[in-house]
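Both complexes shown next keep chain A, but they swap its partner, so chain B is in the first and chain C is in the second.
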Partner chain A sequence: MKTIFLIATDSIRALLYQRLLLGLMVASLALTIVFSILMSSARKNITAAYSSEATHSATATTAATNGMSATEQKRFRASMEQASSFLQAEFYAMASGGGEVVSLFIFSLAVTSEIRRGTIRLTLSKPVSRLQFLLGKYLGGVVVMAGYAMLTCLAIFIFAQSQGLELNPAVKWAPWLMFCDELILGSVAMLLSLFVHPLVASVLALFGGNGLCSLHNPLYYLLPSYQDFSVFSQVLQGSLLSWKDVLFLSLYALDFVIIMLLLALWRFRAKELI
Partner chain B sequence: MISLDKLSKRFGDRTAVDALSFEVPPGQIVGFLGPNGAGKSTTLKMLTGMIEPSGGRATVCGFDLQTQPVEVKRNVGFVPESGAVFESLTGLEYLEMVGALYGIPQNAARARIKQFIAFFDLSFETLTDKLLGAYSKGMRRKVVITSALLHNPPVVFFDEPLDGLDANAAVGFKALIQMLAREGKTIVYSSHILDVVERVCHRVIIIDKGKLLLDGKPDELVAAHNSGTLEKLFTQLTGGTELERRAEDFARTFRP
Partner chain C sequence: MSAIRTENLCKTYRSGWKREETFAVRMLNLEVKEGEIFGFLGPNGAGKTSTIHLLLNLIRPTSGMAYLFDRPVPETAVHRRLGYLPESVNLHTYYRGRELLNFYAALCGVPVETRSSRVSELLQRLQLEEAAEKSVAKYSKGMAQRIGFAQAMIHDPDLLILDEPTASLDPVGRKEFRDILLELKRRGKTVFISSHILSEVETICDRVAILQNGELKRMGTLQELSADKSTRLVVGSLPAPVLEALAATRAEVTMTQAKIVIRCPDETLRQTVEELLHQHHVGILQRETETQSLEEIFFSSITPPPKL
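Let's turn to the complex of A and B:
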């Protein structure tokens, strides 16, 4: 186990030195924040529209509602809640998209870049088995993705505070689900990268979900189900996730990741490192 | 210390190493020679547990290569031919990680690293302040050699170890491996620089197309084949005929 942690620590250190990865993470979060600020202006427009309908007040929410009838106030509050939920869901959807790119970058290159550069010889000539190497590389990626998920949490909290939004209960599981989704995506990318070029592996992993398959298609049960982890659709459909749903999705992610890692190990063991 | 019994490696239809058998006792420096593509690096990769043999058997320090690869790795040091290093780690980070992989406590590893730094005329600041990617080829080589010897292994495999080292470092390195052999370590030295092999090694093994061609003491082999030098013997055995005449003919093509 110690060896796996050492490989993971080494991977994390190497990843953090990679300016491209750091740039991707910062750009992803920055884009998310910029987009969300743009979305918040849409929310302000809704407020302004209702305020003008009410005729009495200008911008303040409380002042606006004071001048409305009970029905208007109800409509206004519903619209405000919807806009707020949509805004937060959109924030997570953006962050999740960015996280997916980061995840593909990390996991598709984790093993293949070492093979290409020849550094794998330095590691595998030490008392490290291929299983330990593969698990260490995956674990390193998991830690970086966990850091990214925590940064996203922090960003949504700061964003919600600055915009005066109340955190929507529909999105409370979103960072965890986003993290699980990225780990599934990463494990698929890591497996495929042992067969094809990392870029091709990333594209196949990203667009190889079962979203386009019907329930009667056997591929539906073989391909990863990324869409189930999207909190955006949950919010739009107005359905809240229970802790049982989250537990089921977490177990599904764990199950899928284990199967992908076993397949990756099978392929990696057979791979000739000439 | 090292024992190969019909060790083979095939890549698809191509046989890279063909039923290679030999034994190396403790304290011996063996020059492992062969032309490009002879199967030297593949043999070394098998003996260091990096790739699995297709057939035959080999033991290193009594550990079976196929059933105890991690134990084999624990008892060997390996300097690969490739100059690849972890470019995004500092030299010290890399060496401390290697120390940890061998279970050496951090303080002991650091003390050992400082001894190597002193031997190779490197400064500690170089090791801590710069990433390996910014090192010169020679400095990278020194770090890789340090990483191979850090855990004081009984068996060391060197694949073109002098590549990139300056003259002084090369002289120091040659003296070091001779001293290590006197301390009882087994050293397998693969190189194309045959005069160095002739001077440093107690024994040479020449392979070609994965098969063993010759095995013996350098001076005895040279005398037995009446070839004068190991270099001439090597070219005789591996088909490098009329090289000087061919070079002369080719050089004429440069004349206006």
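Let's turn to the complex of A and C:
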């Protein structure tokens, strides 16, 4: 276990040393925030226009009543809440997209970059088994992705506070689900990178989900399901995630990651490291 | 117990659409005894590095087996007794020199209490003290080679596998390196060294193996491998009858002011000459067995490549 932690620590250090990765993470977060601020200001403009129009119409038709009717106010509030949820979900959809790219970058290169640079030879000449090496590399990636998820979590909180948005219950689970999604994606990318070029592995992992298969297709049950982790679509559908749903999705992610890692280990054990 | 043993070790690579086979190592049977410095020689593409990779379990043999200290190489535990320096040292460039050695020491299970002193000792021994706090990315080739050697020795292993260890070192560095290897030998450590620098191997190695096209051509001590087994007998003076008798043989007599050297090209003749000298009460001052140089042995062992 100590060896796995040592490899993981080394892996974290290697990842943080990569300026490209750090730049990718910062750019992903920055783009998400900028896009969300733009969306938010657009929402405010629409709200202001809607509000003045409603007030004008109300004044013209019913001079006796002051402002909007109760029904209009209710509808207005509902649409504002929906817009707020939409904004938060959109924020996470953006952050999740960025996270997926970061995850693919980390996991598809975790082992292959060591093989390409030849540093793996020194590490494996020490009393380090291939299992320990692979798990250490994955664990290092998991820690970095957890850090990224926490940063995103902090960003949504600050964003929601600054924009005066109430956090949607479904959105509260978003960082965790995003994290699980990225780990599944990462494990698939890591496995595939042991067979093909990391870039090809990343593309295959990203577009190889079961979203395009029907329920009757056996591949549906074999390929990873990414869309279930998308808070965006759930918010749009108006569904609220219960803790049971989240637990089920977490177990699914854990299962899938374990299977992918076992397959990766099977491949890695036989791989020639030259 | 042997430090390294291979049994009919074979490695073939398949490449291209036709999956054509290329032999890297063919039926290699090696045995390196504990406590010896073993030279592993061969021209480029002979299969030296492939053999080392097989010994380190970085690649899998097509057939045959390799053992380190009588344990099959896939057993990770045996790596506790092994130190390895690759031909091109690729290091984790995000570490400083001292941190890098600390990392490898931790991987090798060097206790925390002794880790720091061991790292400092090696940095001092390999003259890297000043570069200890410098990023490894800024190291020169020679410095990278030195720190690579330090990481190989960090846990004081019983067996060192060195692939072209002095390729990037200057003459001073090479001399220091030789001294370290001889010191390790005195301490009973085994060193398996692959090198192109024959003069270096000749100076330090107890035994050598010569490989070509993946096949083991020769293996043994320099004396065992030497085809020329002539002996030089040095005497003070030679009576006339002995000189006459020697003239009738294939022995070559060289006279200088101080001594007379009789060169006997083979063992039978040496015995005859010694009997003759004994009969005439001529004392032998010195007896030397001449051997071929490693370079001569090397070139006589390998098939020369076709001329361009």
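Observations on the structure shown:
Please note the rule applied: the second predicted complex is superposed on the first by the 261 of 274 C-alpha atoms of A that agree within 3 Å, B and C clash if a C-alpha of one lies under 4 Å from a C-alpha of the other, contacts with A are read in each partner's own complex, and residues count from 1 in each chain.
Please note the rule applied: contacts are C-beta pairs under 8 Å (C-beta built on N, C-alpha and C of every residue); 3 or more make two chains touch, one makes a residue touch a chain.
Quick caveat: nothing in here was measured; it's all calculated off a predicted structure.
With chain A as the common reference, the superposed partners chain B and chain C clash. In the superposition on chain A, contact is made by A:121 with both chain B and chain C. By the touch criterion stated above, A:3 is placed in contact with chain B and with chain C alike. In the superposed model, A:101 lies in contact with neither chain B nor chain C.
Once chain A of one complex is fitted onto chain A of the other, the partner contacts of A:155 are absent, as it touches neither chain B nor chain C. In the overlay built on the shared chain, the residue A:213 is in contact with neither chain B nor chain C.
In the three-chain superposition model, chain A touches both chain B and chain C at residues 3, 6, 10, 13-14, 17, 117-119, 121-122, 124-129, 272-274. Chain C contributes residues 53, 56-60, 76-77, 79-80, 82-84, 86, 88-95, 103-104, 106-109, 148, 151, 161 to its touches with chain A in the complex.
Contacts from chain A toward chain C in the complex involve residues 3, 6, 10, 13-14, 17, 117-119, 121-129, 270, 272-274.
Against chain B, in their complex, chain A makes its touches with residues 2-3, 6, 9-10, 13-14, 17-18, 117-119, 121-122, 124-129, 272-274. Residues 11, 42, 45, 48-51, 69-71, 73-74, 76, 78, 80, 82, 84-89, 93, 97-98, 100-102, 131, 144, 147 of chain B are the ones touching chain A in the complex.
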